[in-house]
Structure formats: structure tokens, C-alpha cells
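Here the chain labels run A, B and C in written order, and each chain numbers its own residues starting at 1.
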Amino acid sequence: MSSQDVLIVAETSRGQLADVCGELLGAARALAALTGGKVVAVLPGADGSVLAGGLAAADRILLADAPLLGGFSPEPYVAVLENIIRAEGPRAVLVASTSVGLDLAPMLGAKLAAPVVNGCRAVSVADGALQVTASFYGGKLLADLTVTAAPAILLLAPGAFRPTPEKGAAAVETWQMPSPLAAGAVVFEEMILPEGGDVDLTQQEVVVAVGRGIQQQDNLEVVEELAAALGGAVAASRPIIDQGWLPATRQVGKSGMTVKPKCFLALGISGAPEHVEGMKDSGLIIAVNTDPAAPIFEVAHYGVVADLLEVAPALTQAIKGA
Amino acid sequence: MTAAHARVKPELEFLMQVPLSPDRKTILDCMQCGMCSGSCPLGDAMEYPPRQMILEARSGGLEAVLRSPSLWMCIGCATCSRRCPRGIELTDGMWPAMRDKAMQDGIQPPAELQEAFQNVFKYGNSLGQSPRKRLAWAENLEVPVRDLSKEQAPVEVLWLVGDYPSYYARNRTVTRAFARILTALGVRWGVLGNKERTIGDCDRLFGEEGLFESLVEYNRALLDQQQFEKIVLLDPHSYRALERFYPRFGAKYPVEHYMTFLAARIEQIKALAVKPVQATVAYHDNCCVGRRYDCFDPPRAVLAAIPGVNLVEMEHNRQDALCCGGGGGGMWLDAHIAAHGGTRLAERRVREAAAVAADVLAVSCPFELSRFEDAAKVAGLEGSLKVRDLIELLAESLDLGEKETV
Amino acid sequence: MKIAVVVRQVPDLIEPVEIAASEKTVDLGMATFRANEADDFALEQAILLKEKSGGSVAVVALDFGDVQNTLYTAAAKGADRLITIPYDADLPPAPKEAAAAYAQVIRGLAPELVLVGSYAHDELESTLAPLLARELGLPFVGVVRGVRPAADGGTAVVFKEFPAAALAKMTVKLPALLGILGADQPPRYVPVSRIRALMKTAKIEEQEAAVPDASSAVTVRRLYHPAAGQRAEILEGPPADVAAKIAGILKEKGVCK
């Protein structure tokens, strides 16, 4: 069976619907309006019925409930989704560029012999085909693509699509697998959460984040002082965390925290997509970078082309002095 | 070689092969007088200052020395080497050899140093800047810049610009001023454009002998294609490497640091120095051309040629000048040094300048400019003490400052 | 443990990525290449595993984009075998075709573990790691930050990254292929002299592997650079002035008093 429906792979995080579901539904509703199909949200995982309410923008919500789908184990997830996609025959499958999505999309694409496009920033329809704009090379290049094959599996670039206030029919169904799921060779055991006691970045009003521009671990002191003067907390982009200069709980970006503080200071951060997705919705973004062409300036409200090691102490002074 | 050398422990063999001139000695000749540790500006912060390093190494404690953070704290000022009564090759020999050995044994150097090495390896400069932007400093410069990498032509002076002078914002004023001065002096000069890579002195001092060798190979192939009477440099470190270490690889070129090059043209300069520069100027003797080569008078002669300059001497000058802390990789190790109790050397120095009521601290090494300016800010001297390269002062007097270009 | 690692060369983004006149492909003629960062982590993870539990590490790469340097560096870090697949084209293959090529070589190595970087910035359609796993018929999980061999030797424990610094602990039956994004430590530094020494002694083996012709259901209409949109209002002046301006803005927005 094939249809013009747009299917999304919904995700959960610590027992709640993941924030990405908003973006997935927003993208799906817009695309479905163009294809003339419905929006179908698939929610694999145990206890899905509790969360279905959050997917009200969809027309149909397919719950795939099974103990093997409790935590993310690739093989059962792929089996369920493959089964659903073959049965439903959607025009497009939208997947978030998350740890789960980045595994599922290529695996499904291979099994279904369906094209998989990374980094999708825009999708429309023309001449009966999907027109997709995707970004790669770290955001330095865009590609306008035509995809005729169905289904097309599209990994959405984080933050490229907005949630929608629209509501769909939101009919909840339980998907019945034709045969029982089997445990695969890769099995989820448990989620290890970071130790408590450290600052929760998501609760901060002010976040002062540093990137490679900090150069040396000891320069963090200058940034700590600034954060203290502002009553905020220090965070960092991935390279700093990889070096071990700050604990993982301070990472902002793809594998770290997503924060929306009142004020986000990006110091010495170039603005790679993996980081920006974790802070783009902050109220006020001020960026300091020595490179005038740094992508961070496209996301910031105010920018300074200078060395953070000069601006940060001066700013601390200015704040304390006033 | 003494009889003692014949019985050197196998684990110390590598120290017997350090670069040695016939008059220089190995650590086996050390008499533990302590002159080195006492002279070292960072000696009191090191776990193993030079004397203790030698003591430990000779008594079977080499491993501890190699693993110590103080291994990465020498900034290459050469005060110890200069004063060692036995003439032991410390700065250019023992330290790089120890560091090389540490890395060969898998000991990881400080992260910021790793990044500097990798930048040099990939991009030919420690700043990690694109090689294609090497001539960006010359944008809109009103004097012509002869790019010998694009069109080879014989020149009088092949000017090896250097990393910081090419890329670092503060240094570019000096670079542009020097281009104007060379032209004003009627010198036929050229640069290597995007093909230029660092000379590698700091990489060698920090133990990356392999990286240094690869740079020698590259630079030699490049320089051998060019026709020039001499190489002139802004960077004393590069001068030293080209003068002393490149010839060991068969790459020998006539080379001068800009101070002696200008001093040799002092009469011409005097005639062109029309604008007075009214300032009390304290000159900071750099380590790599100053202390190492006793080059103290030429820069003073250049300053004396500038009308209006009142030259004063700081407490520690000439041989005893206090290093700015930037040499030998120090530019990449401030955090490491600070983390292990080292003081900011540059701060001590700017206070000395203030103590002799200098308006201007004059420098002649690319590292010194930003280091002393930062130190002046920290010491609360911003506004009362300016830091200027000799070249900038000279350019001002020759009325060759930044002009609006069409 | 017998481990195979795939290393890819990608254009160094320090330079802009050029587009061919046709606007349908990139033009890498002037590009400088570097090892894909995630593959660097994959190699580091492999070396760490070898150091802890013995075994061997074989590195497999397409002969593209100055890969020799990367391979000798891998040897300097402790890789035991360096294998290149001859490759002449101007552009690297897409993940699907690349997977088919690598699989031919890796099958012959019969490794217990294959480590591949979880992503590379030049991948537009799908990603190499899961596709290679499928070609090899190996179980797969990606976005992995740490790997530990289990005592029994037949499984490994892996840690999959999740948002907010969470990690999913998973057991994987070997042989398997993992998509690596991080390791227990950043890629180690090896001195250039060791790399140069290995250039004289280490052997790079060539193994032929057919790279299928590109076949894709996706048509590129056009490649282009994003418009240099700059949303930020740039504040000018020396640090003290800029700091005063920022402090003013922060007060205005109620961020500080």
C-alpha cells in the first residue's frame, strides 16, 4: 500500500516525549499539507499511551508497545518501524537527528532500499517529487535535491523546523506486530544518568559557554568570574568536554544539554551546528569570536569580533563596577 | 670526552647526542653549582629546575623528570646556558632532548602544546590559520609586495615574515611598517607568500625534533629555489634556528635579524628620520638575538637615531634582561606554567619599565608585543606605558604610518 | 581482540569548500584533507582496547586525499596493519558505495570488532557505519562513546551517548560494528619523528576492492553556499568599550542590575 502520508518517528526522553517531537510534527504537518496526505506519528516504546496526548498534531498515532522496546535497542526498533513503513507506505518518513534517529534512519533506509537524506532544512513538493534542501560540510554547503522514490527517509537538521500549534485528528491505535519481536545482538541494559550535585544548566538564567577559543584550561578562571558576576553558570561546547576540562553535565549541544536561558554568552565558540542546536532558542545570545565569519554570528543577537580573553575580564569589570 | 662518558648509563645515552658545538658539554660535566636553577626565571616554580633535573637523571630518576610538569616549563631564555660555568648545552640540548624522549615514551605534552604542534604540522603555523591567508597582512598596503612564490625573481632581501607577524592582529602594524621601511630604504625585497611556513625553532625547543626536521626539509627546498643576498627576519627565534641549526642539515643561508640589518644602514636612517618621537624609551633586550648573540648595541643605535627619543635602561638589561616568557613554546604554555606556580614574567618586566619612568617599552620580538601589552593591562599600566616594536617607532619617525588608501 | 578501523579523509574546513562549475558536485582540487575526526576517535578507541586486552588493530582506508600521512600516524599510535584500497576518482564515494568497497577488504580480515566514525561531514545520503555493518552482516549501534570488552570475550559493553550527558549502557554480541563518536580519552599525540621513522619502515598494503558506480534515488539540482546572513549586531571598539556596551544591553534586558 502506498499513500501520500508523512510518518514521523517520535522519541521519548526520561519518560517524557522528547522536545524533537515538536519539530517533527511541525515539519510533517507542513509537508502533509503539500502532499495531500495525513500525519502519522509512530511512538515505539513501553507505556506509549500515557504520552500520546503530546502528539495531538498528528492525525494518527501508532503505539508500538512491547517490553523489548523499553530502552533503545536497535534491532527491535528497526523491526517494528520496517513493519509499519511497509504496511503504511508513506511518502516520507521524518526522523530527528538524535542518537536514536541517526541509527534508525540509515538502517531503515538500507532495509527498505529507501533514500536517506541527512541534514534536511526544508522540504516541499513539486512535479510530484519531494524537493529537499539539505546542509552538509559542517553547514558550509547547501544542496537542493529532488527525491522521487517513496518512501524517502529524511533526517531533520536540528532547529530547522518549528513546532506547530495545529491539531490533527489524533486517533490513537495500537500497532500489532505480525510476529513477536526478538531480542537482537545489541541489547539496551540501562540508562546511566550524570551524577547529581553539579549545576543543572537547564535551570540557569544565564549561561556563559566557552569553546576552543578558551585555548587553555586555566583561562576558564576568567570565565568563571564572569559567570559568577552574572549569577550564571559556565558551560562548554564539545571539544572542551572531550578534553576533560569541564564535566559532561556542562556540555551544550547535540549530546549535551539543550538550554534556553534568558541570556547565553558564546565565548570562543565557532557555532557548529551540533552546538547551536543546544542553545539557539536562548532569549539573548551574545557571541564573542576572533573570526568575523564564524557561524555563531548568524545565531547571535549581538556579536563582538575580539578575543574572549580580553572581553571577558573587561565585561566582569563593567558589570561589577556599575 | 672524559672517562666518565665511557660509562654513561644506557638510559642517558640519548642525552649524549644532543646538538653540541665543540665547546659545549653534556650533563655528565655538571658540577651541581646551581647557577642554572638560580638564574632561571621560573626556577622556583619548577619541581625539577635544571640542576635538579641533572641530579635526578644521573641518579636513576629520569622517569620522574620525564613525567614532571616542570619538563614543559622552560621558556628558552638561555640565561642558564649563558651562565653555566661548565658550558653545558642546556636550553638547546638537554631540555629538547628530555622532551623528545618523554614524547617518544608516550608521555603526552600539555594539550595546548599538542595543538600548536598539530597546527604547525598541518598548516605550517602554530596559530592554526589557513596558509592561504598568509599575505592578508598586506591587504591595501600602498607599497608593492613582491610575492616570490608566484613569480620568482632575484632580490636583495628575502624577508621571512613569520607566523605572528603574518596572522596576529596586533603584530600586523609592525609587519606593514617594516614593508614600508624596506621600501623607503630602497631595498629590493620579496616574501614567500602562501608558501611560507614557520622556521620551527620553538618546535625544536619543545622536543619535536621530527617536526623541526620536516620543516628544515621543506624550507630548504623552498629557499634553494630562490635567489637572494640575504634573509631578514623579524623573529629572533627563527633567526637563531636558521643561524645555528639549519646548517647542521646542510641548509646554510646568510641571515640577519632586522636589528642588525637596520643598524648597518644607520646613516641612511638618520637622514630619513625627520619626525621626532618625543618619548622616554626603555629597550627590552630579547633573548634569542640579544642574550644569545650579545646583540645589545645595534638596537640602541637604531633608537638613538630617532630624534626626540630619550633612551633609559631598566634594572635588568643586556645579558641580564628578564625574558617575556614567550619563547620556546611559552606562547602556548601560560596556563600550564600558571597552574604550576609560575609567575607572569612579563609583568615583572613592565614594572621595571615603569620604575624608570619609561613612556614606551620598546621590543624587537613578535612574541613580546602582545605579552607586554597584556602584562601592562594586568599591572594597571595601560595608558601610562605603551609597548611598541622598534619598527613602529622608526616608522613613525620616517613618517611612514598607516595612511588611508584609495 | 582483532579490530578493524576505517579511516576516511575529508576536506579540512579551514578552507571554504569549492563547488564545481556544474553546481552538482563539490570541487576538491584545491582542498586540503585531514582524517575525519570521528574516525580519529574510532582509532583511539581501538588502540585503547588493544592496550588493555591485547590483540591487533588493522586500519583500512581508501587511497584518497593524502591518506598516507594519516596511516603512518595510525601506525605511530600502535596500529598493526595499514591497508589501502586503490582509488582514482576526484571525489570520494557516497556511503553506500564506500560500504561495499570496505566490506570486501574487511571480510578478509575477519575482525571481532569493526570501529567506524559515527559521522563524517561530507555525508549527504545516509552514513557509512550502519551501511558497512549491513554489508558485513554485523550487528550495529552508533553514536558510541566508550567500549569495554566483557570478560567472556564474546560480547562487549558499549556506552551510547544521549542528551544531557546521559549514557545508555548496552551489551553487544561480537563480532559487531560500532559507530564511534567519542573515546575514553581524546586521540593521543605522537611525535612527528615517530611518524617519519615509520614512513621508512611501515608497510602499507594495497588491496583491490571494487567501488560500485554511484547509484542514487536522489538527484542533486544544485549545490551552493548559504547566504552570509549575519543576524548579529556587531559591537565595535576596544574591549573596555565593548564591555560597557554589553553591560548596558544586559541591564536593558533585565539580565543584570
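Everything that follows uses one rule, which is that a residue touches a chain if its C-beta (ideal position, glycine included) is under 8 Å from a C-beta of that chain, and two chains touch if they have at least 3 such contacts.
Everything numeric here is computed off the predicted structure, so don't read it as measured data.
Grouping of the remaining chains in the absence of subunit C, by touch, is one piece. When every chain is reduced to the mean of its C-alpha atoms, the one closest to the centre of the whole protein set is C. Contact counts per chain pair peak at A-C. Note on chain placement: the centre of subunit A and the centre of subunit C lie 20 Å apart, centres being C-alpha means. With centres taken as mean Cα positions, subunit B sits 47 Å from subunit A.
The distance from the centre of subunit B to the centre of subunit C, each centre being the mean of the chain's C-alpha atoms, comes to 37 Å. Contacts with at least two other chains are made by residues 243 of subunit A. Residue positions of subunit C with contacts to 2 or more other chains are 186. Subunit B has residues 111 in contact with two or more other chains.
The touching residues of subunit B, counted against subunit A in their complex, run 111-112, 334-336, 338-339. Contact residues of subunit A toward subunit B in the complex are 215-219, 243. Across the interface of their complex, subunit A is touched by residues 11, 13, 16-17, 19, 26, 95, 118-119, 121-127, 129-131, 134, 139-143, 145, 157, 159-173, 176, 179, 181-182, 186, 216-226, 228-235, 239-240, 242-244, 246-247, 249-251, 253-256 of subunit C. If you check the complex, the residues on subunit C that touch subunit B are 12, 14-15, 32, 34, 186, 188-197. Considering their complex, residues 13-14, 71-75, 98-99, 102-103, 105-107, 109-110, 114-119, 131-132, 134-149, 152, 184-194, 202, 205-206, 229-231, 242-243, 247-249, 251, 254-258, 262-263, 283-287, 292-293, 297-306, 310-311, 314-315, 317-319, 322 of subunit A touch subunit C.
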